[in-house]
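Shared between the two complexes below is chain A, which has chain B as its partner in the first and chain C in the second.
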Partner chain A sequence: MKRDASIALVLFALVALLPLSGEAYWMRLGTTMLMYGVLAMSWNFIGGMAGYPSFAVAAFFGLGAYAGAVAQKFGVPMGFAWVGAGLLALVFAALLGVALLRLRGHYFAIASLVVAEVLRELVNSMTGLTGGGMGLNLPIPAMASVDAQARFFFYVMLLLAAVTFTAMLITANSKLGFGLRCIQQNESAADMLGVDTTFYKVSAFMLSGVFVGVAGAVYASWVYYIEPPDVFDVLYSVKAIVMVLLGGAGSMFGPLVGAAAFLSLEELVWRNYLEVHTGVLGLMIVLLVLFLPKGLISLSQRLGRRGKLR
Partner chain B sequence: MSALLELSSVTRRFGGLRAVSDVTLSVPQGEVLGLIGPNGAGKTTLVNVITGVHPASAGKVRFAGEDITRVRPYQAARRGIARTFQIVQPFPGMTVLENVAAAAMFAGGLSYGQRARDEALQHLRFVGLAEVANSNAAALTLAMRKRLEFAKGLAMRPKLLLLDEVNAGLNAAEVDQALELIRAIAARGVTVLIIEHLMKVVLSLCSRIAVLHHGELIAAGAPQAIIEDPRVIQAYLGKRYARAQAGAHG
Partner chain C sequence: MPLLYFQILANGLVLGGLYACIASGFSLVWGVQNVINILHGSFIVLGAYLAYFAHLHAGIHPFLSILIAIPVFFAIGYGLQRMMINRIIAAPVLLTLTLTFGLDLMLQNGMIMAFTADFKKLVLDPPLGTIALGEVVLPVDRLAAMALALALTAMLYLILSRSRIGRAIVAVRMDREAAALMGVNVARIYAITFGLGVMMAGASGPLLAMIFPISPLGGPAYLGKAFVICVLGGLGSVPGAMIGGLVLGVVESFGALWFGPEHAVTLSFSLLILMLLFRPHGLLGRKGYE
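Showing the complex of A and B:
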């Protein structure tokens, strides 16, 4: 655990140096990467540790974005609105978890997939509160320059990513994380051994919701304008899963490595193959998952093992 | 001796099928009770009723003086009811030690950390698996997996251990080892309920035998009386077994 914490500290410190580049492009890319990292790490709680293939990331993200935006519309200061959005996502995840986590496998996946759709329709129809399909404008943070704003949101995302990582590290090295691993391996056997499976699964689901909710609210403030199809986009769920699988499910650094790798691939492919970029990207991901089922993170373990004398 | 486990008129229905029908049975503290009967008699269902996997449709299950008819499996485990499965169920991606430590933590009530691991290692020594403590559970042979089930059961600090055909699939030497292990566990004061098809095992271990047939308890009593009971012979043991026994005694 100490080793992981030290590696993470160095990693986050290095990322924190990014604003020195002074380029808006890199700042935007860095902020997006950290946000993706939060989504991927959050998915790791329920999908990687407990083995429940959740597609609810988009639901938590959109919920957080709208909660933060609506709260600010009513004059709640930005920081409080973000925290409030996280808490709302936490409570929502608890209620949703009690209902959905009775399902297993594909059934759970499908049920969690429709949650974002339901929320999107709700937001669409609650025009008075949310602006419906016209979207919602957010107050632009009063800051000296556009650069200062970009830096501000970069550091907020960095902080959020660090908090999420810490939560993941603590969970993985606790009774909760161990119980989740038991559930992932064999749920009925875990039940027989005294694991309160419902409580553990709902806890994991709540952890997978809270940080995504905050990320959604921060995202809304960052881009000043949100609309339902943007923040309830199912691609947030899909990307989170792809990133974790790419990096290595259930591992500590897998989600972060996956987020960085995914975003780099996305940028590279998009720049070089403008017309067919989604196809090329999809193909590369399929190949990676096929040939590296335990993710990119397993590469380092493989190399490490090769280095050792037998 | 007070009864540790008391079943009163327990019935479990699956749709129109009465898998367990009106079973009344009391298991005193410290007893080794054998549960026998033909395939499909409802033996495993009875274990599932006790552990809360398939709660009783009617009747009551009392354990250590408390009503546990409706408790969930994890609650039964924490109260001290451990079971092994007919088809062994280790966590395949974990080490042998982690498997046992999980039992020590979640049912045995230990917190996450070194103590649970130490205790797990002790149980592994007891069942003779200390050498493979750090191997993957999926790599064990069947006989070793059965012993792992014993270690997990013990780590749960059970008052009652339910053994569901722990000897199925083992060769004669392995069965003898398992027998010794069960004796040693019973000697620790753990009450044992054992489902078993091998009469040799049942007769050498059990102080009392209960017989299920079509979900009903058709006999319960001392081993000698059971193997001479005409209903048991007709339903399960068969005439040849009865003649062989008579020959051996006469």
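Showing the complex of A and C:
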């Protein structure tokens, strides 16, 4: 645990130096990468540790984005709106978890996938509160310059990613993390041996919701304008899963490695092949699942072992 | 008012027959292999494009293009399972789900590039007109599409219950190991099952093209309906898909009347979540083999 914590400290400190580059492009990429990291690490609580194939990331993200935006519309200061959005996502995850976590396998996957669709339709139809399909504009934070704004949101995302990582590190080394790994291996046996599976699963689901909710709210403030198909996009759920798979599920740095690797690939494809970018994303997913199902981290182990044999 | 209700009920049943056809193949694959085929919706759309272009360029009636769709889509499904899905069939559900999702992104992107993102509508000339059953009026094209959908679904039922291969599929579904010990080639049966599932998707495409506009991104909506129907009717049984499809069609029609058509998705997905929580084995209540 200490080793992981010190590696993480160095890593986050290095990332914090990024604004020195002074390039707006790198700032935007860095902020997106940190946001992706938050989504991937959050998914890791329920998907990586407990082994439940959750597609609820998009639901938490959209909920957080709209909660933060609507709160600011009514004059709540930005910081409070973000925290409030996180708390709302936490409560929502608790209620949803109690209902849905009784399902297993595909049934749970679909039920969690559907939640984002239902929320999107509801937000779409509540035009008075959320602007409906027209979307919602957010107040632009009063800051000296555009660069200062970019730096501000970068550091906010960095802080959020650090908090999420800390939560993940503490969870993985606690009784909760142990119980979740038991549930992943054999839920019925864990239940029989006295692990309170419902409590553990709901706790993991809440952890997987709260930081995504905050990330959604910060994202909304960062881009000033949100609309339902943008923030309730099922691709957020899929990307979180792909990033964790890419990095290596269940490992401490897997989600972060996956987020960085995924964003690099996505950015390359976006920049060079805009027309076919969803197709290339799909191809990446297919190749990843077929040839590298244990992630990039397993690659280094595999190469290492092969090296020793020679 | 009761007359209106009869009309709505009739509309719902016609729609439901088509839904049954959409869902039966999806339910088969899910029930037999425990694989959710995210591609199912996009294959329906691809089938609809097949009918559209066959009608536009060769003047083939959409009902006849089903005969082209059946072998083509069976082959696609068979090959897909043989080359890709069989390789990870034993992996956790998350991986098969993610794989078909990736393939779906590729197919959607390909369809946008090939057919453009514009909506297309297959228009028959001359139109088939309407038919009046007492006071209830129904368009003939919808009625015929429903009849063909039910015929296709019945065909799948007969294949599963009467043919040798169908019995092998059911055997694999009940107990894969035991079936393998009895000499069933499980990998081949999986490929045939997936082929049949994709075939049902592709064959229902031309039927839907008669009624709805075609869009390359229309797949997920059909997929969502297939999910709901499977959960309503229970997994892997053709009669279950039939019941689930008819129920969903009727619920959607009355929902549109009472709550407004913009809430159709919310309504059917709320129904899905309630069903999952209270009747996870479907309305028929028969426990599946999983």
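We take it that the second predicted complex is superposed on the first by the 299 of 310 C-alpha atoms of A that agree within 3 Å, B and C clash if a C-alpha of one lies under 4 Å from a C-alpha of the other, contacts with A are read in each partner's own complex, and residues count from 1 in each chain.
Convention: contacts are C-beta pairs under 8 Å (C-beta built on N, C-alpha and C of every residue); 3 or more make two chains touch, one makes a residue touch a chain.
Small disclaimer: the values here were computed from a predicted structure and weren't measured.
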{"item": "First, second, both or neither for A:G279, with chain B first and chain C second", "value": "second"}
{"item": "Dominant toucher of chain A (residue count), chain B or chain C", "value": "C"}
{"item": "Chain B versus chain C as contact partner of A:K175, first or second or both or neither", "value": "first"}
{"item": "Partner chain in contact with A:M134 - chain B first, chain C second, else both or neither", "value": "neither"}
{"item": "Touched partner set for A:H106, first chain B, second chain C, both or neither", "value": "second"}
{"item": "Which of chain B and chain C A:I241 touches, first, second, both or neither", "value": "second"}
{"item": "First, second, both or neither for A:A189, with chain B first and chain C second", "value": "first"}
{"item": "Contacts of A:T197 with chain B and chain C, given as first, second, both or neither", "value": "first"}
{"item": "First, second, both or neither for A:V289, with chain B first and chain C second", "value": "second"}
{"item": "Residue numbers on chain A that touch chain C, as the complex places them", "value": "47, 51, 53, 99-100, 102-103, 105-107, 109-111, 114-115, 117-118, 121-122, 124-125, 238, 241-242, 245, 275-279, 281-286, 288-290, 293"}
{"item": "Chain B contact footprint on chain A (complex, rising order)", "value": "173-175, 178-179, 181-182, 185-186, 188-197"}
{"item": "Partner chain A, residues of chain C touching it in the complex", "value": "30, 34, 36, 84, 87-88, 91-95, 97-99, 101-110, 113, 224, 227, 231, 262-263, 265-266, 269-270, 272-273, 276-277, 280"}
{"item": "In the complex, chain B residues that touch chain A", "value": "51, 53, 72-74, 77-78, 83, 85, 89-94, 98, 102-103, 105-108, 111-112, 152, 156"}
